[in-house]
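So, here's a batch of structures to check.
One chain, chain A, links the two complexes that follow: it is found with chain B in the first and with chain C in the second.
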Partner chain A sequence: MPYLIRRLASLIVVLVGVSTVSFALGVLAPGDPAELWLERALGRPPSDIQIQAQRQRMGLDRPLAVQYLTWLNGLRSGELGQSWGTGRGVFRELSEALPRTVLLAVAALTAAIGIAVPLGVAAAARPGSLIDHASRAAAVLGTSLPTFFLGYILMLLFGVQLRLLPVFGSGSASHLVLPTMTLGFGLAGVFTRVIRSNVLASLGEEYVLSARARGVPGRLVLYRHALRAALIPFVTIAGLSLGHLLSGAVIVEWIFSWPGLGKLGVDAIQNRDYPLIQGWVLFMSAVFAVSSLAADLTYQWLDPRVRLAKSGVA
Partner chain B sequence: MDGSSVLTLSPAPVGPRGRPSTAHVITTASAIVALAALSSACRERPRSGGTDVAPGTPAPIEQQMLQVGVGADRYLTELPSRPDLGKYPLNAGVFDTLVRMDERFQLEPMLAERWIYDPPTNTYRFTLRRAVRFHDGAELTAEDVKYTFDLIISSYPHNYEELGSESVRVADRYTVEVTPTRTNRRLVEQIAHPIWGINRRGSNPRQPVGTGPFRFNDYEMNTRFTVERFDDYWDPARLARTRMLTFRFVGDPQARLLAAQGGQLDLVSDVPPPAIPTLERHDSPVQIIRSDIGTFDALNFNIHGGEPFTFGRDPAIRRAVGLAIDRTAVVQTAWGNAADPSTTWIPPAVLGEHASRITAPVFSPDGARRVLDAAGWRVGPDGIRQRNGRRLSLAYSVSFPTSEHRTAPELIQRHLKEVGIETRIELMADAGVSGARRRSGEYDIVHLTGNQNEPYPCFLPDLQYYSKSMAAPTRWTAPGGATDRAIEACRGAADIAEARRHSAAAIHQLVDVEHILVPIAGLRRIWAAGRKVRSFVAHPSDTNQRWEAVYLVR
Partner chain C sequence: MAGPACPAGEKRCGVIGDRRVVPYAAPAVLSQITSTLRPKGPLWVGAGIVALVLMLAIGANAVAPYDPLSTGPAVLEGPSIVHLMGTDALGRDLFSRILFGARLSLGAALLTLLLIVTAGVSLGLVAGYDGRWIDTILMRFADVVLSIPSLILVLAIVGLFRPGLLSLVLALSGVWWVRYARLTRGLVLSSRERVCVEAARALGAGDMRILIRHVLPDVLRSIIVLATLDVGNVVLAVSALTFLGMGTQPPTPEWGAMINEGKDYLFVAPHVMLFPGLTLSLTVLGFNLLGDGFVDSIGAKESRLP
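Let's turn to the complex of A and B:
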């Protein structure tokens, strides 16, 4: 329990730090948000008077400390301020986009695991075989292909050439396929390599040899003994990959116009919508930090040796 | 993200001997082969239709549902009273203005049948067209015009149109009087901008009600804006031919284009210039549609900069830069056939017969060298000129980082180096950074783009080069004197022909006399349309685009 409390306390410190940095970035970034907003509204350079009035309207004419405290106060109430583009609450914007990103991330994670587990196990079961070489080549391809490049290739193939799937938008299961493939493919490459090496290592362990000596069938040894042990470190990697999924989603959602958190962030940056950018950065950081904590805790729960080591018993 | 770069690869991971790793080489090669194979397969697709003017049977009205791909959603809706939705920057045809600008930049009456200006009282008297219906069935009256103008004025006080809260009065049911706070003879041309589209009095701007050929149906922020045909439109000749028009906000230009090629979208805006040659092949699944030139690309000198940004004060340097740039080469390389070399900053159609007055420097590197030699700028050991120990090195700020705006400055940099002028290109990350730089005056040259969105002939000179302009960046670029006088004469001209003459004089002064403005290119709007799309005419000003004529064939 003290470990959990320590981790939670450090999580709070991290989030306070992130909130300060994200606010400071908004202030330090070159360019006046009021001027930019007016250029966008008017389609022409605004006058000094207009800029002054707009700064007042946005609260940018107040001292920085007051702006920061106002923003922190907004954090405390959970509102995170108001978007300068839509006038809606930042938290509302984020919470509306979140389910779509979660859907995409879960779909990509499921697809990646669905590809990686059988492929990794098959490759480990027959090292040096054709399937091993093929899985390694696919893994290298998956990890080294830039996401946007893969996205365009998939669009070209399934959207333009075969005309099987929509290349942008949301609203149906078919809209989810290409973004999922794009996001999941890279992850599947990483997972395949991890599972292959973990299973391969487990196959040399004494308990596996013992199982074999007892006459347990090979397939059962592979899946019940070797894979189960190999999945424990994999859980941490899968947990940490949530961060990868969220950052990857920024590019994938933009390319495929998937209206999730990633696209919301890019739109906010393009429009210099600072309240939304600051809320987005804080929100994403919280998701990263919480998912990392969850992965650690799950790992501890699955592997008693980690708990014992932390309590100094080992 | 708005850039139009075609597919690129990430930097190669380096192997132990400093070479790209084998895995990366294999991956890259495989990806290129795959892409090449796919592209080749795409090219082999048989022709699926004719051109835009090819005959075809219109699809039944229930199938007239057009999907249009546009860039990211830029509507501002942060105030409940903000009247931009459906008007600006995406004009979805929901609203009509009192007057409009056609595809040739000419003024055309719309909801105002006629108007007169009374100089002694500085008042415009607009007579409205009768029997015009809003989408909710109500008749258009002068009250609606007053309501709309007041809404816009309150949303955008201190406007260029010089309209204040007391400017608009209802004279009778069909007559409205508008009195700018200061003399403004160009108001009629200014209010052709779609932002002045007339809203139904008391309607919710987030559920826009206008008199346009399309009525509002649905808006999902960052996703789509949908309109449907308005059957009671006042002009039967302009009744919409599509039943439903859905604008899809697709920020990535490559994705937009692929969606059109895949048939998911019927029309897409802002096709990246590098893609055009491939799409113009006879077997392409889409057709390319170009507008006339409506956007201009130019270099702009800072002529009032403080140290060290003082090079623009030297007329010899300004003249030499104009002579050293081969516009034709720059345009061909950066934009291909999406642009033409330009000698002006305003569409010739706006200037009418006076356009020929602007000649612009003719490419002559030797001429540039002679001008610099005469001004005492001597070639140094590294080929860059110097005078009194000062190196001729210009800070060259580029406003928007699209791929064309990376290519063009690099070419210009090369041309200038040929005559001994060094340039330090600074790509501005976005409009905010660019705006801050222009306001600060910390540049020698800025590379700018200007759009002609209204038929007001001196709109762009007034905006960028009038020394008493409200726009802050003009304090570094406006020469005053003859330019100011020409702009003021243009603003005060009694008729538009006279205004054009003065506008041409202002541009002539800037380009040919003072060399503050170096025109580079005139840009076209490039659309891609599916083979079933007919009668789409691309407007040179995207915010003035009309949609009622377009339709689909079977």
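Let's turn to the complex of A and C:
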């Protein structure tokens, strides 16, 4: 499987690059981390001797390359430095928040696809109909409404006016509803348009014509033949939306106090928690890279043309 | 609106912002059909909104009824004749603040876009035309930057360095130009294979002349299309960052920051958050309609990507 190996190799190259960037951010940032750390710990400006001692303790007096490798080596012990805020290992903090972000992202993606598939097929079945126009309008709205504004509108509507759903925090399934809607809304609009145009395109293909000629009922042609072919390129689009989902999750989590990776990162930035910020950038990019790779491989596996061409059948 | 994904071997195809774009790939027949099918309405609505917002931003001094920073006794008051959009927690007139906020929000976004396009096009030109080591370095760098979700990288940069509107603009451009450089490079690669470039070379034209007279105009046509599609995204990105507190500091009026201030009174006085939010949404909608309509009207084919 040379393709998989090639992809894994490029994944490693990208991760090395990203880890360098994350590390460099901390080095290039103005201010001496040792001094900043002491200021936090002591609550007053530290003396020069204290700074010197702290620099030694943090390993800041060693060559950059050594610092970089020590930092990366922390991955093995689940450390990646220690958070200044909590004093716990950065890697541990991040991996504890990861499942909550994954839950939110998967919920939003599922909701978006669940809305987009029936709506997109309906729009493609009757181009120019009311449902087609409505879905187009919703798509334009979805890309224009800022996530943070939409989040507060939903909060007002469902949390305050209707008093149906909890507005902040996590814990129960109902806490997930508003963040999911906020994050999924923009995607649903875009996905609907993509499904629509893909179904429209595959409706013109010969296999659809031949299915019609064989007397397959219209609805079956639409769902079994046209939609199936339309879903394959859609996997790529969904994969490309992962970056959007991760960035969106940062804002949505912060608004709704959802304790995932996004909130952790923004809090770290507002606390100027250097090690946590560095680890956060690396971790988010790793999540992004790995999930993009997964989406790519799914696409390869789903499309019979690609799969067969590689195994030498077609 | 949405077209198929990038065809294999289509060098002019690229991903900008949230879209995959194939400028000038549509056959003439197709664009004729789509232009007759598609109403020009959205284009004019978008142009109208954008023109209105830009005029209000420029003329904020003349239009605004109050000083955006002066506080008053009427706190968290709803819309009335005296205060068109009501007042915020310090009794400042929201309408005036939104007008002056437009200057910062749009100014920052347009400056960012200008920086992105300038840096992206010039470096992409060099990389695409020169090939060799500049090209290799630039494209490897692009790979790394593009593999970090952009909002996250910008947040980290602004957070670690110094929060402020200017550093926000610089960080955002520093991350975003890469996409334009990559696309420009692709366009240059295909553009320099054209017959007219070959002819110019045969006539003895130098590299610089070919680059500026033949390749650049060709590239710019596509880049301008993409930039018009991207304005809305940049406005959104800027306001998202100021919303998270990475840009202006209070009491400066700026839309994202105003939404952030308004959220504290969401349940008491929702108008403090709603009016800046609505203005921002409407502006982004205007830019998106304008961009989409513009692309449709010149017959380029584009598809939105999430």
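Note that the second predicted complex is superposed on the first by the 264 of 314 C-alpha atoms of A that agree within 3 Å, B and C clash if a C-alpha of one lies under 4 Å from a C-alpha of the other, contacts with A are read in each partner's own complex, and residues count from 1 in each chain.
One rule holds for everything that comes next: a contact is a pair of C-beta atoms (placed from the backbone, for glycine too) under 8 Å apart; a residue touches a chain by one contact, two chains touch by 3 or more.
Given the structure is predicted, the values throughout are model-derived calculations rather than measurements.
By the touch criterion stated above, A:V66 is placed in contact with neither chain B nor chain C.
Applying the stated contact rule after C-alpha superposition, one finds that A:R193 touches chain C and leaves chain B untouched.
When both complexes are overlaid on chain A, the residue A:I277 reaches chain C alone and has no touch with chain B. In the superposed model, A:V21 makes contact with chain C only, not with chain B.
Once the two complexes are laid over each other on the shared chain, residue contacts for A:L209 go to neither chain B nor chain C.
Once the two complexes are laid over each other on the shared chain, residue contacts for A:T236 go to chain C alone; chain B is not touched.
Contacts of A:G87 after superposition on the shared chain: chain B is touched, whereas chain C is not.
Contacts of A:A134 after superposition: neither chain B nor chain C is touched.
Legend: residue contacts after superposition of the two complexes on their common chain; A:S144 is shown touching both chain B and chain C. In the superposition on chain A, chain A positions 29-30, 140-141, 144-146, 149, 152-153, 155-156, 160, 254-255, 266, 270, 272 are in contact with chain B in one complex as well as with chain C in the other.
Residues 1-2, 7-10, 13, 23-24, 26-27, 30-31, 34-35, 38-39, 41-42, 72-74, 76-80, 84, 88-89, 156-158, 160, 221-223, 248-252, 254-256, 258-259, 261-264, 285, 430-439, 451, 453, 463, 469-474, 543 of chain B are the ones touching chain A in the complex. Those residues of chain C lying in contact with chain A across their complex are 1-5, 15, 18, 42, 140, 143-145, 147-153, 155-162, 232, 236, 239-240, 243-246, 256, 259, 263, 266-267, 270, 273-274, 277-278, 280-281, 284-285, 288-289, 292, 303-306. Listing the residues of chain A that touch chain C in their complex gives 13-14, 17-18, 20-22, 25-26, 28-30, 136, 139-141, 143-149, 152-153, 155-156, 160, 186-187, 190-191, 193-194, 196-198, 201, 233, 236-238, 240-241, 243-244, 246-247, 250-251, 254-255, 265-266, 268-270, 272, 274, 277-278, 280-281, 284-285, 288-289. Taken together, the chain A residues at the contact with chain B in this complex read 29-33, 35-37, 39-51, 53, 82-87, 137, 140-141, 144-146, 149, 152-153, 155-157, 159-161, 163, 166-170, 254-257, 259, 263-264, 266-267, 270-272.
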